[in-house]
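Per-chain residue numbering starts at 1, and chain names A, B, C, D and E are given in the order in which the chains are listed.
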Amino acid sequence: MLQAYSLSLLIFLPLSAAFILAFLPKKLKEHFKFIALGISLIQLIIGVYLYLDYQPSDALYTIEAFQFVERVPWINLDLQSLGKLSAEYFLGVDGLSVGLVVLSIIILLIGVLASWNIQERERAYFSLYLVLNASIIGCFVALDFLLFYLFFEFMLLPMYFLIGLWGGPRREYASIKFFLYTLLGSIFILIVMIGLYTSVIDPGATAIELGLMADGQPLTPVIIDKVQQKLQNGEILPEQLVRTFNMVFMTDSGNVIPDSFLSTLNPQLVLGHSARFVGFLLLFVGFAIKVPVVPFHTWLPDAHVEAPTPISVVLAGILLKIGGYGLFRTAYLMFPDAAVHYAWWVGLLGVISIIYGAFNALASRDLKKLIAFSSVSHMGFVLLGLAALSVEGVSGAVYQMISHGFISAALFLITGVIYNRTHDRLIENYSGLASRMPKYTVIVVIFFFASLGLPGFSGFIAEILVLLGSFGSATVEGINLLPRWMAVTAVFGLVLSAAYYLWTIQRMFFGKYHVKRVNSDRIIDVNTREFALFLPLIVFVLLLGIFPSLLLDLINDSVVTFVNTILKF
Amino acid sequence: MIPVEHFYYISAVLFSVGLAVVLTRKNAIMVLIGIELMLNASNLNFLASNTSEDPEGQFFALFVIVVAAAEAAVGLAIILKVYKYFKTIDLDKIAEIKD
Amino acid sequence: FFASLTVVSAGYILFTKNILHAALALIVTLLSVAALYVFTAAEFVAVTQIMIYVGGIVVLIVFGVMLTNDVSGKSVSAGSINRVSGALITLAVLLLFIYGSRQFTSDGYPIYKVTSMDNLGKELLTTYLLPFEVAAVLLLVALVAASIVAGNNLKSNAL
Amino acid sequence: MFIVIFILIIPLFSFVINALLSSGKATFGSYCSVALLLLSTLGAIHVLFFIETKVLTSQVDWFSVGDQSFKVGLLVDFQGAVMLAVVSLISLLVHLYSIVYMAQDSGYGRYFATLSLFTFAMNGIVLSNNLLMIFLFWELVGLSSYLLIGHWYTKTSASEAAKKAFIVNRIGDAGFIVALCIVWCQFGSFNLIDIQSQMEASQIQNGYWSSELNALPKVWLSILGIGFFLAAVGKSAQFPLQVWLPDAMEGPTPVSALIHAATMVAAGVFLMSRVFVLLDGLTLSIIAFIGALTAFMGGVAALAQFDIKKVLAYSTISQLGYMLMGIGVGAYEAALFHLFTHAFFKAALFLAAGSVIHSMHEIAHKNHLELDAQDMRLMGGLKSKLPVTFYAYLVGSFALMGLPLFSGFLSKDALLIASVNWSYQIGNVAYLIPSLAFVTVLLTSFYMVRQLLLVFFGRPRIEISDLREFGWHFKLPLIVLSVFSLGLIWSLNPFDYSHSWFLAALPGKLNVTPEFDVVIPDLTNHALVGVISVILVALGTGLAWLKFRPGRELMLSKTGQFTLLENLSLNNWYLDVIYEKTVLRIVRVSTSALAVLETRVIDRAVNLLGWVGVVFSFLLRWFDQTIVDGLIKFSAFFSSQVGGMTKSFQYGKVQSFIIFALVSLLLLIFLIL
Amino acid sequence: MDSLADKISNNLTSLSYFIPELILVAGLLLLILVDLLRKKNLLFPLSLVILALAIGQLLVGWPKEAHFLFEGFVKLDQASAAWRLILLLGASISILIAARGTLKSMGEFYTLTFGIVLGGHLLVMSSHLLIVYLGIELMSISAYALTLFTFEKRGSEAAVKYLVFGAVSAATMLYGISWIYTLTGSLFFLAPEFTDALLKSPLVPLSISLSLIMVGILFKSGSVPFHVWSPDVYTAAPTPTVALFSVVPKLAALAFLAKWFLVIHLFGLGSINWVTILSILAMLSMLFGNFSALRQQNVKRMMAYSSIAHTGFLIIPIVSLSEQATRNLLFYAFIFLIMNLATFLVINFFERQENIRNIKEYAGMFTKYPLLSLFLVVLMISLVGLPPTAGFTAKLLIFTSLWESYTMAGQPWVLALFIFGLLNTVVALFFYLKIPFYMIFRSKESQLADNEANKYTYENYFTGLLVFALLVLFFKPDWLLGFINKINFVF
């Protein structure tokens, strides 16, 4: 039961709770947060179950490679001359996503706890939060492009309102900026999605259409081969083609209709470029905005600075990962040829993000902005590792996403703590906080060091893997995808990150106690609730730093398959 | 007999004149008159082309006349209304709605 | 002759300053067009033209003119605008149309066949039943429309 | 093997105990850690006696990526065992010493926790069998160093020093990471033994350095070596990154003794010995040169310092330079030897200095004086008041100067001989290196004697009558360390290092770098080198005596004019100033430039998109109103000009729109035709 | 020639297929009667009953196959039945919108609405250009009058502009028709002879005449460059009639365009590339519509531009030229109908209840009318075309068919249209979100929330229903598309 419906449960629990919340009477408003908390806790249980029950598998990208699969027909349109069109309610996780799902659950739980002090419009807040919760998880588990896109877009609205209603002084500007950027990105994704699903068939349904197998019969590789052969030989009538949104089928180049727009053999040209390359680029830009990659990052500092703390936590902890995950799941797997072709550029953007983000963080006077830029810098590692296409690099990229999820969540909580007390985040207004807030200082030091890649914390494993992977990037036709100087340059990002974090610690926490323009009485140390927020994060960051196999065992096989699938091309 | 081209030419001229009236005259009623001219031009065409057994063009012309009458009625009613509010029927003086 | 009459009177409409003169010229135009109809063997249409247009529309228009002009005491005339652009456009349209019409393949002197009134009536109620009915509805709707527009006018005048 | 793990883990326990204990029970925690460290020291000594020439290693999978697995493992060989013993012992002594030294401090528990953490991390570096783990502990050592330097975080100078230390180290670590990347790429393993065997198997051909796995351009081999060296430069405070070490003296003195003199800073040297096989000729030459240069620069910088700890700090830099020079000339075993001897005598010196400082504090406190407890100009005549301290200091100084019978003589001798031999081999410019080394010997003796004279001899410059030496917590470590600074402990023949048990136990030559075969030190010059160095020591002592003999009170006034050399020395060659003016400035400028870029250009460029949208809409409106209407306006204007027919400029809206529509229609038709 | 009796019987049989229209006509007369009898209260329910009857009849008598009725003047097939259904639904909802306001008690409003619907019906069923002309005129004349129903200065101005523009367009179109008649000698445009004649016609007069006819169609559908009347009319006319204008005449004209386009496309054999032309026009429509909407303050005016932009989107499936595209057009039309009318419903509510006309005045309405505001947010999202609303599905479908058409034919303008259309969505976001933005983010100081009073208005329920339909149709578009798919589009 749980095996079969756990993923749906993860999505629909918060959704239905949001719905119920919306209709509860106002006098219960003190209890809204408990509902949200309860939902998150249930999700946590499911998440633990997912984590424990997931069996690493190195199956190739077929349906079987995924676990906890739920597959129900959703939309089936008969387009007659264009064949059929099927979209499915298709959920499942593999090594790439299972960690992210668990991460999301944890961060969302922490986000609920961090929202404990929300005092206005609780109903709306928690409803939106739960909707956000559902759509985030939906994004990670959806294996149907349309479904994925649905969740991807759906995320925007609660986010828009959460930033716009509960945010800082310039929240309206920030929220609209966030919305527009992401929407622009998603338009690019939409273009490619249309191109993809008109070019890709569902071999199973097509086989049924062709009479090769009966409805309900399991799909075997033999049948797939047969269908693909027929497809490539052009023996299937257009009416019999079942076009699909299924991301798994999109991954298999055998399913691409030979004379279609995104055909692998002779792709059509768009403005003189192969349509597949253009498709890759569009997807890349679409998700790069979300990641964010320099130069598509400018929404991020604004959104972060203005967003309320729990939302910053979710935004940095999870939403950015959706961009990265999208690159993995769609751009790379569906356009492996283009991925290899553009590896150099992707890597370059990664390095630029790392260095550029770090420099900007160094220049930031606002603590939250500093952390936002550090996110840009750290997410650059994801891109770099991905571009390397070596097992180490890709593992590192996945690891970095999860590790950064925890660390950045904690970092934004940290800014939340000080902001809650003083409503001022300017670094220069503080000095010597360590004397007044010792516990807080310890937490800050721990996470700053975790973030700058100190061994023993998760960030180190991720970054070292990325660097190893990008230095020894995958070779295609004897040439490394990434030149070695990229890894070497990226290393200096680490130096810079040490610089901005330590400088901040020194300015804000060390030295004589002194605050400017802030009511000194309000500087009190973290309370138990806040401490409870940080504790699990510390534990996770340390666990992942000391026992990387907790996560790597989970993702390893999938990463190997991922790399092989792409390089095989 | 008149060569059929002449009908076409006359109709074209008539249409153009109608159009010119519509375009250049300020008075709304003049515009209506221009429209009537344009309709007549079409009718002339219809009739000139109606050579076969089937009197399609004739009927068309008939219906156009009917429609023109209806249109003129409603149009004049509207113009009267405008006149009531604006005290003028100069089309260029009727500009209340702004962006 | 009628052709030139049509053109001249239409031109007069275009250039006259007096709206009443224009209305009168319209009558001339319409009559001469009706005469042209006769040349195409469409007597019934010509008759209808004279009846509806001259008898109806023009009267309406003249009423309109009277109603809208004498009250204000301004001269019954109408200026013109857009002269150059209007003229240019019109000229372009005219040239285009004439250029277009020259390309019609025609047999020069067509023979128009007079359709008997009887036939027309039958056709109208059989083949053209639907348009006929539609035209009826249209007239009804127009009547209602005109009455509400004008009627309300009177009502609010009264108020 | 179990015992090794035990040794490694014990300090971690100590850390946990101290970190978790409430401040009320901190003293208990400190004794706990002393006891635990005693255990681990005993264990280490046990291992040392037991190991001899064996190499113990074992490893388990840590995590795997793809089909590669990353392992954790331990490696104990002789040099490791000695290092382990040294670290444990000194750490034990420093813990003991600190119990009293830090007794009044509010951060007592925190202090002991970090100190234990440091010991754990340092043991980790020593015991790791692979480079990744070394790096891991390397960073951990950096962290604990950061925390200890910044122990008195309310002092701005201390917090800045901590930050500086970490960031400068981080620059070195960047080199480490690059080197790690190259190693991984080339060998697919971080295991030291694997690397050694694979390195032996690798070849250099056609400008490519090829191993079983991979082939890289040859230059990457040099980069590899330089990367590791950069790490060592950072950690061991070599030129040009030595600037952090003097500042690090802001930390408590026992910490300086343990971390910034004896152990951590030596980790760089230790690392170089671990990766010695990977260094090629070019790298070695660079290392030798930088080492010698640093030794010289450190020596010069130590000459004119007034802060008792700063003198020692620069001396440490200088000595570390020696060691790296030793590595560079291929005498890594000599370098290690010097590392160990140095660890003891420098720890002795620092602890003794700590004792002095503590006493000075005491005086200041009693007499309610505002004074800098570390300024040598205020000291003097302490010999009689602090006898144990004095003798420990004396022994340490002699060892540092390299007087025969003391440990320093043996190891320094070995280094000098190696450098001389090496320069014979290379010739020309290479003579610069031993020359610098010899000059440094002179400098060393000068500044040490100066210090001795200033601190312990002469008349007291302030009232010290009721000064009393502290108890056994202080004395015991001083005595133990002094004993280890004697030559006899290290070699039966105190004049000849070749008889040292330590060198005998080390395995033979390790250098397998394919291209460049480092010479085996030829011992024939032994006597000559020894004699020269002794003469130089005597010379330096004489000079110092001349200048600072008791009774001469010159140049000690705080307002005194300094000579150029003294300024250079006092300011450490103005390196900080130079960095401030160049590197930091560049970083700052580029940072703010990027920030400007961010807000002004990129953000704007993107906003431009939106702006263009808005502008576009206005354009359209303009088009709607100006072109469409304007067409009419224009035509009206046109007609009034040309035809003069109309007098008004009025235009009608509806009709204008109709014209607009018709124009479009005409366009459409022309488009079709 | 058939005998007279045959013709009469033919017409009588035709009548049996024509029941919905007959009901409309009868209803029209009945309403006039009721109005004359001063039974004002009866008007509203009666009109709804009539429309319901018509819809019921339409569904009951759903054509199995295509018939040419009335001597071939109209063609009754499943496609036109579907369009008629849409038009009837549009009219019904528009009348429901009028439930709040003065229009409710005006018999003429219903009469004219019925006139428009009737005209639309004729247009979608027509197979003869005379019917086309009459249909358009019927719609126009009713619409001119309806524009005036606010009985104020601005209304009359809009009406006269509408009238002038409309009459000129109609006359232009008529002239085009007369040329077509000259060229082909026949006006039964669905007949094969007509197509043959077109193919044989010389290029210049053909292109001129077809362009002239296009003027009329584009005018009715409100697309660039014949759109200029719509902002004024939308601003000045009463909201229910605006809702009606935004749906019924527009969709009827587009339905006819879809049919007509296939005729003039001449199976791709003609020498005129109408695909390119319409693509450009569609792009221009989106461009003008969206960008002009950006800076509007008046809600209805903004909606006018929005509907111009939507016309551009609706042209997309028409130029895609496939059977499936026509289905997608129907789907989009249906969704457009729902979301547009629901939006006007809300706008009308606010206009009546709070006297709000400008976007800025929506400030703080969220606290006062949370539910309705929420619905409005969903509607705006749907109008932008984002999930999870059917607006997204509809856009997805039309762009799919466009994409297919591009991959088949590879016309560059089509690709331009594709990308341009999608990018326009982003622009659209700006102005659509303006209303929710003001509603939610800006608040009026003086307003006290009194939720309870406003909870159970009929607008809430009705909008809720429509919004729910939009959501459902996102999640299960096959329910509607399955229905549409059953429609046989073979001509």
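The criterion applied here is as follows: a contact is a pair of C-beta atoms (placed from the backbone, for glycine too) under 8 Å apart; a residue touches a chain by one contact, two chains touch by 3 or more.
Because the structure is a prediction, the values reported are computed rather than measured.
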Chain C and chain B - chains in contact with each: D, E
Chain of greatest Cα-centre distance to chain B: D
Taking each chain's C-alpha mean as its centre, the one farthest from chain A: C
Innermost chain, taking as reference the mean of every protein Cα atom displayed: A
Between B-D and A-E, the pair with more C-beta contacts: A-E
Centre-to-centre distance between chain B and chain A (centres being mean Cα positions), rounded to whole Å: 65
Chain A and chain D, separation of their C-alpha mean positions in angstrom: 38
Euclidean distance of C-alpha centroids - chain D vs chain E, Å: 76
Gap in Å, rounded to a whole number, between the CA centres of chain E and chain C: 30
Chain C residues counted as touching two or more neighbouring chains: 79-83, 85-86, 89, 93, 96-97, 101, 104, 128, 131, 135, 138, 141-142, 145-146, 149, 156
In chain D, residues with contacts to at least two other chains: 621, 650-655, 658-659, 662, 669
Touching two or more other chains - residues of chain E: 130, 134, 137, 141, 144-145, 148, 160-161, 164, 168, 172, 179, 182, 204, 208, 295, 430
Chain-chain contacts as defined at top: A-D, A-E, B-C, B-D, B-E, C-D, C-E, D-E
Chain E-facing residues of chain C, complex: 96-97, 99-101, 103-105, 122, 126-131, 133-135, 137-138, 140-142, 144-149, 152, 156
Residues of chain D touching chain A in the complex: 61-68, 70, 132, 135-140, 143, 146, 150, 153-156, 158-160, 162-163, 166-167, 170-171, 173-174, 177-178, 180-182, 184-185, 214, 220, 587, 590-592, 594-595, 598, 602-603, 605-606, 610
Chain B-touching residues of chain D, taken from the complex the two chains share: 621, 650-655, 658-659, 662
Touching residues on chain A, where the partner in the complex is chain D: 180-181, 294-295, 298, 356, 359-360, 362-364, 391-392, 395, 432, 434-435, 449, 454-456, 460-461, 464-465, 467-468, 471-472, 484, 487-488, 491-492, 494-495, 498-499, 502-503, 505-506, 509-513, 547-549, 552-553, 556, 559-560, 563
Sites on chain A touched by chain E in the complex: 74-82, 85, 146, 149-150, 153-154, 156-157, 161, 164-165, 172, 176, 179-180, 183-184, 187, 190-191, 194-195, 197-198, 260-261, 268, 270
